[in-house]
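Letters are used for the chains, namely A, B, C and D, taken in the order the chains are written, and counting of residues starts over at 1 for each.
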Amino acid sequence: MLDTHKLILQVNKLGVRRSERWLFRNLDLKLSSGEIYQVVGQNGAGKTSLLRCLCGLLPEQEGDIAWQQDDEMPIIPLFYGHLPAVKPELTVLENLLYHPINGNFYNGDVIEAALHEVGLGAYFDSEARHLSAGQARRVALARLLIADSKCWILDEPFTALDVKGCTWLEGIISSYVKRGGSVLLTSHQPVSLDVELKVLEIVEDMNSHV
Amino acid sequence: MTFQEFLHMGGHGFYVWSSYGIALVIFVGLYLSTRLKNKKLVEQLQRRYRQEQREQ
Amino acid sequence: MFKRLLKRELLRQWRSRQDVTNPLIFFLITVSLFPLAVTPDGELLASISGGIIWVSALLAAMLSLESMYRDDYRDGTLELLLLQSGSPYLVVVAKIISHWVTTGIPLVVISPVLAIMMHLPTHAMTALLSSLIIGTAILSLIGSVGMGLTVGLRQGGVLLSLLVLPLFIPVLIFGASAVTAAGMGLEYSGQLAYLGAYLAGSIALVPLASVAAIKISIH
Amino acid sequence: MTWQWFNRLTSPKSYFDITDWLLPPMLIISVILMMVGTYLGLYDSPIDYQQGNTVRIMYIHVPTATASMFGYVVMAIAAAVGYIWRIKMAHMAALSIAPVGAAMTFLALVTGAIWGKPTWGTWWVWDARLTTELILFFLYVGFMALHSAFEDRELGDRAAGVLAMVGVVNVPIIHYSVYWWNTLHQKSSISVAGKASMPVEMLTPLLLMMFAIILFCTAISMYRIRNEILDRERDKNWIKERLSA
């Protein structure tokens, strides 16, 4: 599905500032397909800011981020943030039908398969406001299965998931990486994957310790 | 033109002088507010730097 | 892509129908306040009715601007839309059109009823409708920029009107005068032409400004 | 060479060094000019055949109105430069000009109203110029309100920058639509003495006051930029040396 070892993302000398305080500077990163990085650092070190910055949600203050071209369209990473991005007044099915992923929309059967896989098959026509926090996150996780994004950026994907859910998600991530996907994730809990997990530590000045 | 007439301004003295008065208040106010802010900032920063010296 | 985005917006507005009808009721109440406050007699009302209907329509449409981005911002879908749709401008345009259709058009539809209540001469009705249609569209456009700037703020509502109303004054001037001119039997196509020009200008500039504004508030 | 000059201007440290010696003379000159202008305007210039002495209010009203309009445009340009090229100094400049511009607009409105009382008999006349000033005042207040609504100053800069850019596009539109609206309802016939048709004894104090007031506003804004730099770059060591010296 995805050819392996093709450069996905090139970041050099990236610096992100949070109102006059530099979270980190001179960050370099080369992410190619089939690679997975866990971003570590103490709380407030700027893990989430880094992920949001890579997605273009946060204007980078220094350095540049270059997403490679994939058939002359820049790669759009699938961002899974703190908010599950689920509209309470729409039903679960509508939530996935009417929200674009990776630049286009998907039709019913792909979505139904993903919902079944995520264990929400029975809820597809109930309004999202009735869902629990964990179920809402599962709807967001279903998006990972639906789209064939080249890169996943997951910010604390394991929160609000029970043990079974965590092992399930670890399996999904491992198979995605094996198929050549690239992942950047942060997690407080330990992550056990059967693929090689590289670590990217965020400190004040990145080139001091690399 | 005696000073009295100058003040009286042909009946319009009140209007002319009030507008010049308000103008003066605003110009002086602008200047003072900037100076005061500067003084406050400088003092605050100096206190902070002394604090930092003490800690080192 | 755009069709589905527009469908999403309309579906979302349809699901929360309640806050589509609120601006209409507000519009009705505000207009009927003026005869109580000023004078019930037809003469005076007729001459000021154009302006009153226009101002009330403007305020009513302002009320519902909040629904454009705020709840999408709160539950994270605004981020997803901007990122995953490939082009944030389409998202903004879809939201503006859906806001115009769900609040602007209903205001225009019930404005003749109010015009009769305000003794607006009947031959001025077409002027009222045509100027309001363009006016509400322009308000959705300018409102989208103001909303983009204040979506991340807690007390954004009041600030929103402070930002949007001054920018809307030229449209109000020409819109209201189109109706009063028509009321007096004068030619009002000049005013409409101006409104059209303003609309065209804001269609060109607003998506750019709104996306920039949202990107700031999303941070 | 110009790029290097531009760099020197946009670095807060060199801005501080330049304004150290530039600001005091600017301020003093503008105050002296204002005094001379007031003396000429109040004492030495002729009275208007229709309005008598109230025309002397023009020497405050017209320059402050021009300063407010000029201030908004400069503020918008600074905000645009700050937003597009992400130059913090430009954002600080825009933020410093706003209150000065708002004060000038307020002063223009007040003197305009006071001038209206004897000439048109009421405190507030919906004259085209006054109405544009009023709307300009709303734009200034909107700019400052939006900026202070953001806790993170940098976001406030960028948001207010977008607003200023949108606002400056609208200023000419507002200007002409208010003038058109005014001619539509034109009742009062006395038009304020246009600049060109004024006798030279009136023109000199007016131009003098205009230059003095704009110079004063620029000096105050530049002074406020210094405050802004102190406030925002507080932990830079060049400030530590400068302050502890």
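By definition in this document, a contact is a pair of C-beta atoms (placed from the backbone, for glycine too) under 8 Å apart; a residue touches a chain by one contact, two chains touch by 3 or more.
The structure presented is a predicted model; accordingly, all values stated were derived computationally and were not measured.
> Among the chains, which is located farthest from subunit A on the basis of C-alpha centroids?
B
> Could you please state the distance in Å, as a whole number, between where the Cα atoms of subunit A are centred and where those of subunit B are centred?
Centre-to-centre distance between subunit A and subunit B: 56 Å.
> On a C-alpha centroid basis, what's the spacing between subunit B and subunit C, in Å?
Inter-chain centre distance comes to 43 Å.
> Which integer distance in Å separates the CA centroid of subunit C from that of subunit D?
Here the centre of subunit D sits 32 Å away from the centre of subunit C.
> Just how far, in Å, is the C-alpha centre of subunit C from the one of subunit A?
Spacing between the chain centres: roughly 37 Å.
> Hey, what residues on subunit B touch two or more of the other chains?
In subunit B, nothing touches at least two other chains.
> Which residues of subunit A are in contact with two or more other chains?
Where subunit A meets two or more other chains at a single residue, that happens at 59.
> Taking each residue of subunit C in turn, which ones touch at least two of the other chains?
Each of 219 in subunit C touches at least two other chains.
> All pairs of touching chains, please: list them by chain label.
A-C, A-D, B-D, C-D
> Which stretch or stretches of subunit B touch subunit D in the complex?
6, 9-13, 15-16, 18-20, 22-23, 26-27, 29-31, 34-35, 37-38, 41-42, 45-46, 48-49
> Which of the residues in subunit D come into contact with subunit A in the complex?
86, 152-155, 232
> Enumerate the contact residues on subunit C facing subunit D in the complex.
145, 149-150, 152-153, 155-156, 159, 162-163, 165-167, 169-170, 173-174, 177, 194, 198, 205, 209, 212-213, 216-217, 219
> Any idea which subunit A residues touch subunit D in the complex?
Result: residues 17-20, 59, 61 of subunit A touch subunit D.
> Report the residues of subunit A in contact with subunit C in the complex, numbered from low to high.
On the subunit A side, the touching residues are 55-59, 73, 76, 78-79, 81-90, 94, 98-105.
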